[in-house]
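These notes open a run of structures that come right after.
Paired with subunit B in one complex and with subunit C in the other, subunit A is shared by the two complexes that follow.
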Partner chain A sequence: MAMSVPLSRLSRRSVLRLAGGLGAAAVAGPALVACGDSSGSGSGPSKSASLRFMFWGSDDRVKRFQKASTAFTDKNPTIKVSPEFGDIDAIETKITVAMSGKNLPDVFWVTSDLLPQLVAGGHVMDLTSHLGAGKGIADAGFSDAIKAPGRLDGKQYAMTHGLQSIGLFAKKNVLDEVGIPVKNYPDSYTWDEYAQISAKIHSAKGDKFFGTDDPNTGGAADWFGAYARQHDQDMWAENGDLGFTKDLMTEWLNYWKNLRDTKASVPTALALEQNPYFEGAPMIRGLAAYHMRNSNQMLELQGLTKDALVLMPCPGNGGAGTKAIALSPNMLCVAANTKNPDAALKFADYLLNDVDRAKIIGTTIGAPPTQTVRDAIATSVTPAEKQFLTYIGFEAGAKTRPVRGGLATSGAFSSDMVKAWKNLAYDKASIQQTVDLIFGDLRTKLLKK
Partner chain B sequence: MALINEVQQAARGRARGRRSRIAYLFLLPWIAGVLLITLVPMVTSLYLSFTDYRLGTSPRFTGLENYRRMFSDPDFLAAAGVTAKYVFISVPLQLTFALAIAVLLNQGVRGLAIYRSVYYLPSLLGGSVAVAVLWRQLFSSTGLVPELAGKLGIQMGSWISEPAHALDTLIILHVWTFGSPMIIFLAGLRQIPEELVEAAKVDGAGAWRRFTSVILPLLSPVVFFNLILQLIGSFQAFTQAYIISAGTGGPANSTLFYTLYLFVTGFKNFEMGYASALAWILFVVIGMLTAINFVAARYWVHYED
Partner chain C sequence: MRTGILEWITRRGWRHLLLVAFGIIMIYPLIWMLTRSFMNNSDIFGDGAGGGGLTLDNYLHGWNSLGISFGRFMLNSMLVAIACIVGNLISCTLAAYAFARLRFGLRGPMFATMLATIMLPFHVTVVPQYVIFSRLGLTDTYVPLILPKFLGVESFFIFLMVQFMRTLPTTLDDAAAIDGCGPLRTFWSVILPLCMPAIGVTAVFTFIWTWNDFFTPLLYLNRPDLYTVPLGLSTFSDSAGLSDYGALFAMSVVTLIPVFAVFLFAQKALTQGIATTGLK
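So, the complex of A and B:
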C-alpha cells in the first residue's frame, strides 16, 4: 500500500523506512541468490566448429595460448577456438559452476582434485577409445606413467598436457657463499641434510635470512605426499581413504616444527605477509635460500631475480628414493557433451602433440608430455627452461610407483589439511591436535558419500 | 447527457487500461529480472539448504541436517565470531568518523565540493581488489605503516599475517571508506533548519549542547538510515578478506568473514547444500537485526512529522 502514496506526500519517515527496507532486500538478497542453482545456457548448436578452450595462468601464458589457438585455426580454417582464462582459483570456480549448469567448455584444463568430481558426474569424455593414430588423439610417446594421472577406474578421462612436479629452487650464489653443494638427479639432499643446511644458512647469513620456506604453510600438500611416497605410503589409499599413518604425519609436522624453532625456515607470519609464490616467494623477496614449489615455475621465477637459480630434486627423491617421484601434470579434458567432438579431439591432439604449438607455449605450462616434442623445443628455449627440461626428463623416465587419485572430496580435504597445518604453524593448535583433526573430522568429511 | 458521460467514462477507462499495459510492458524487464535472477534462485537455495548437494551431483533431502551441522562446525563458529567482531566494531567507528567529518565540512569551509569528492573517493575504491592489494602492502612488515610507526618508536610486525591483528587492518580499511555515509550525513545536516540552531545559541547552548540536543536528534533519521545500510553491508563484506587472505580467511581464520566461508563452502568445497543453509542463516540474522533496529528506532529516532 505504501507504494500507492503519491511521491509528493511521502514523509521523511516513510522515505527512510522504504529505503531501509529496500536496502535490506538489495544487500541481503545476493548472498541467497548466489547459492541458488543457476542453469547456464549452452552456446547453442552450431554447424561451424566453434570451440571454447579454458585454462589458467599468467598474462604471458594467455598471450601464448591465444597465439597457439590462432595458429591452430590457420591450419584448420573451419574450426574457431575461443580461449577463456583466469587465475587457477577463478577457473576452478568457473568449471564447477559450468559443471553444474552443464555448460562446460569443449576443451579445458582440470586439476587432479577436480577430475574425480567431473568423472563422477559424467561431465568429461572417456578418451580411451579415441587414443591412437587416426583415432583422434595420438598417444605415441605417452608412457603409462604420463597417462596415469588422467586415468580413473581404468579409463582415460584426461591427458597430461604439461609435465610438472615439485622442485627445490635455490639461489646459486647463496649456496656457493655458504659452501653448500647443488644436487642434481639422480642425487638429492636427504631430509636430515636439508634441515642441517637450512639451519647453517641461517647461522651464516644472519638473523633476517633463513634457509627455506615451509611448503605446508605455503599451501602445497604435494611435499607431504612426496614424503609419504618415500616411506612407501601415499596421500590416498586405493579405496580413497588416507594413504598415510598418524605416525608419519606426526613425524612430518615435528620435522617442520623443528625447522621453525631453529629458524631454519622463514617465520610463518613473515612468509605469509605476501602470497608465498612467484614474486611473493621468500626466496625472491631475499628472505630465504630455498623455495619449494612446482618445477615448471623455473622460467617465471628466474625472470623475477637477477641471481642465477638452480632447480634440484625434492629432498629424499634422489638416490634410492627415485621410485617415489610423482608427476602432478596439468591435464586436459574434453567435455562429454561437446557439440563438436571431432573438432574438440583434433584441437586436443594439436595441444598435446604439435611441435609448433609446443614452441609457442614453451615450458610455462610444464614440459611437453613426450620426449619427441621435448627434444624438438630444446633448441629454442632459455637456459632456465633447459634446466627444467633436463629435470623433468629424468623424472618422466624414472621407474616410479603409480600415483593414486583421490575421491571427489579429496580437494576439499587437502585445503582443510593445509589450513590445519597453518593453524599449527601459528601455534593455534598442537601437533597432536592437528593430527587428531586430520584423522578425525577431516577424514570423516573425506569419506562422506 | 448520461450517454455522453458513459462514453467519456468508457474512453477514460480504455485509456487507463492502455496506460497500465504500457506501464507493465516497461516494468516487464524488471519483473522478469526479479523473478528469474532473484526469486527463483532464492527459493531454490531454500530448498537446497535442506539437502546434501555437491555441485555436479543430485541433491538428496536431509531435512535440518545442514542447520544442525553448523553448531558443531568450528569454521562456522569462527566465521560468525569474526564477522560479528568486524560488524560491531567497524560500523560504529565508521559512522562516528563519517559524522565527525560531515560536521566539520558543514561549518562553511571553502572548497567543500573538493573535500567532499576527496573524502568520498575511498568509498568508491574501498571494496575493490586494488585497494585490498594496497592494504596488504601498507601493513606488511616492510610497508609504510610499520615504517612510520617505527619512526615514532613503535615496533609493529606484519599486521596482515599476524592472527592477532589481521582483522584490525580490515576494520581500519572499512573505517577509511567513510565517504558514503559522510555524504548522506552532510545532506542531512544541510536540511536542519538554521533557525533552530540559532535559537539554541541565543538560549546560551554551547557547541556540544547544540550538537547533542538539537543537531543529533534532528539528524537521527539519517543516522538510522546509515546504520541500517552499513550494518547490512558489513555483514556481507567479502572482497577485502578474500584478497588480503588469498581466499583462505587466514591467518588462522582471523579474517574468515561469513561470506568468505560461505563462498569457500559452496565454490571450493562444492557443498552447495550446506552453503545454501549458511546463506539463509545470514539472511535471517540480517533480517532480525534490521527488525530489532526498526523497533529500537522508536526510542531514539525523531521525525519532524
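So, the complex of A and C:
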C-alpha cells in the first residue's frame, strides 16, 4: 500500500527554516537588481539625465554609435547615453514587447512598418511642436519629402536619420566587358531595357552567370513600391488599403517570371542558398552582374569585392520618372513616456544635425538628411561613399511625390506578401493564385481593425 | 584477409560504417563552423578575396569586440546559468516531493494544471510576464531570468522528478517517520539523496537551456555589459548591415567549450538519469 506523508506533519520549525531560506534569497535579490540598475534622473538637460538609445546593426556600426554617444556626453556632461543594439529582427521583437510594458528606450530607431503600430498605441512622442530652431530639434534643411516618411495623420512622429533608397549596384568591369552603359541620374534604364540587358549578360557570360538578382525573393518589397509609383499608384492608399491594382501586381510578377524563365535573373534556389544580402549577394558571389538593394549599402558592398562597383538608379526612375523616387530612411523616434524629454530631444537633435556625429557615423546608416551635413562630410568619406552621397543628393533634391505610410498592420502584410512572392518563385503557386492571395486573405488581414 | 573484411562488413561492420557515416553527417556543421572560424570573412562567404589563408584574427577580434570582452558575456551567462540551476533544483525538487509524497487537498487537479502548462507555448506568457517585471522595475536586471526558476515554473522538470520519486518505495518514508522525521527532513535526508540521477538531468538540461537561451535575455537585458553569450553572439550579425561571420564562428566555438565540458563531466549522471527517469 502506498503511504504518503500528510501535510499536517510539516512542523513549525521546518516552515521557519524554509522561510529563512526564502529570506536569504530575498536578500540576494536586490543584489542582482543592483547589478542592472539603470534608472535615469532629472527632467531637463541642466540636470543629470540618463538616456537609452536603441538602434540596429553589428560590430562596425555599434562602435561608431558608441563613439558618437561618448562624443555627445563630452559635449553635454550632464546627459549619459547608453547605446543598445542588435540585429534588426531582434530589435523589432524587443520594441514590440517593450511597447506592452511601456518600457521603450528614450530614443530609438524604427522601421516604417512598425511606426504606425507605435503611433496607434501612443508610444512615440509627437514631435511636431518640437521642430524648429530653439524648440528641440532643428529642422532647417529637412525638405517635406524627407520628413514625410515619419509623418502620420499630419503629425511628425519620427525624423529621418539616415537617408536611403533603393539602388541598382553593378560591377563596372562586367558591364564594360559586355558593352553595357552605366546609367547615372538623371538617366536610368527602362524596365524593358533592364530585362534585355540582363538576358544579354547571361548569353554573353555563360550558363553560370546571370544578369540580375530578384528583389522579390530577396525580401525587398520597396522595388515593387517603386514600380507602383512609376505607374502613379502606391503601396498604400490614403485610407490604408492597398494603393495598387491587381493588374499592376500581375504585370510585375509576370515581368520577373519572364526574367527567371529566360535565365536573365539568378535561379531562386541558387540565389537563396545564402542570405542574399552583403556577402551572400549573387553579385558579390560572382553569380550576377546587378544587385538590387538599398543605396546606402554602397560602402559595405564595395568592401566585399576588389572590383569597382557603380550605383545606378532604379530602372524607370530617371528621365521623366524622377517624381517616382521614394526615400525609405532610417527613422528616429522619441518615446512618449521618456522621463527626460528635453535631454532626449537634445540627443535626437545631435543625431540628426551634428556634423561631428555625421563624420563619426559616415554613411553606414544612410546619408545625413540635410545637404549642409552631407556637404560637410563629403570631404572625409571614401570614393564609394561619395558616389552614394551624389546619388542620394539627386534623389533628395528631386521633386517627388511624398511617400504615404500604411496602417499598423502594414508591416505584417509586407512580410506575408514577400512570403507569397517566394512561393511563386519556387513554383509552389501560380501568379493568379499569388495575386488572389494578396488581394484576398492578406488584404483582409491588413484591413482588420 | 579480404574475405575477413568482407565477412566483417556483411555481419556487423555495415552497422558500424552506417553509424560512422551518420556521425560524420551530424558533426559536419560543427566541423564547417570550426574551419570557418580560422578564415577571413571574404573566404567564408563572398568572392574569396581573402586569399584562402588561415588566421587567428577572428578569435582576437571577436574576443575584444564592442569594447566589452567576450569573456564578460561568458561570465554573465555562467552566473545566470548557475543561479537558474540552483533555482530549478530547489523549486522543482520541493514541488515534485509535494506532488509525489504529500497528501493535500486538490493535489490531483493541481498536478493536472501543472502538467497542462507544459503544453502552453512559451510565447503566450511572454507579454504578461514582461509587463509584470517592467512594472516592478526589474527589466535590465537578471531577476526576470532567474526568479521564475525559484518559483517552480519548469513543469517539465517537476514532472520528471515526480515520476522518479514515485519509483522510490514509500516504506522509506515510513521508516523515516518512525525515526521521527517530518516531511522536510524526510525530503532532505531520504528522498533527495536517492534522486541524484534526476537532479543530474535537471541540472545539466537547465544549464544547457539557459546557456543557449536567446529570447529571454533579448527582452529583458538592455545594457551590453549585462549581455549573455547568445546576445553577445548576435551582435556579430545583422541582416540589415554587414556581418562579421568570422568573429561569429570563432566566438561560437569558444561558447561551445563550457557546454561541451558540462556534457563531458556530467555524462555519467546524464545517461544514468535518462535511463532511470524514462526521459528519452
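Definition applied: the second predicted complex is superposed on the first by the 402 of 449 C-alpha atoms of A that agree within 3 Å, B and C clash if a C-alpha of one lies under 4 Å from a C-alpha of the other, contacts with A are read in each partner's own complex, and residues count from 1 in each chain.
What we mean here is this: a residue touches a chain if its C-beta (ideal position, glycine included) is under 8 Å from a C-beta of that chain, and two chains touch if they have at least 3 such contacts.
Owing to the predicted nature of the structure, the values given are computational and were not obtained by experimental measurement.
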Touched partner set for A:N275, first subunit B, second subunit C, both or neither
both
Is A:K75 contacted by the first partner subunit B, the second partner subunit C, both or neither?
neither
Does subunit B (first) or subunit C (second) touch A:R61, or do both, or does neither?
second
Partner, of subunit C and subunit B, that touches more residues belonging to subunit A:
C
With both complexes superposed on chain A, which partner does A:R52 reach: first (subunit B), second (subunit C), both or neither?
second
Who does A:D89 touch here: subunit B (first), subunit C (second), both, or neither?
both
Counting only touches as set out at the top, which of subunit B and subunit C does A:S100 meet: first, second, both, neither?
both
Does subunit B (first) or subunit C (second) touch A:A120, or do both, or does neither?
first
By the touch definition above, which subunit A residues appear in both interfaces, subunit B in one complex and subunit C in the other?
11, 17, 29, 32-33, 35-38, 89, 93, 97, 100, 274-275
If we count contacts the way the header does, which residues on subunit A are in touch with subunit C in the complex?
2-7, 9-11, 14, 17-18, 21, 25, 29, 32-33, 35-39, 52, 54, 56-63, 66, 82-90, 93-94, 97-98, 100-103, 105, 274-275, 277-280, 284-286, 300, 303-306, 364
Which residues of subunit B touch subunit A once you look at their complex with the stated criterion?
37-38, 40-46, 48-49, 54-57, 136, 140-141, 157-158, 160-163, 221-222, 224-225, 228-229, 232-233, 235-236, 246-248, 250-253, 259, 262-264, 266-272, 275-276, 278-280, 282-283, 286-287, 290, 294, 303-305
Within their complex, state which residues of subunit C touch subunit A.
41-42, 44-47, 49, 65-67, 83, 90, 100-104, 126-127, 130-131, 133-135, 137-143, 146-147, 150, 170-171, 173-174, 177, 182-186, 218-219, 221-224, 226, 231, 234-245, 247
Which of the residues in subunit A end up touching subunit B in this complex?
11-13, 16-17, 19-20, 23-24, 27-38, 89, 92-93, 96-97, 99-100, 117-118, 120-121, 123, 219, 268-275, 408, 411-412, 415, 419, 422-423, 426, 428
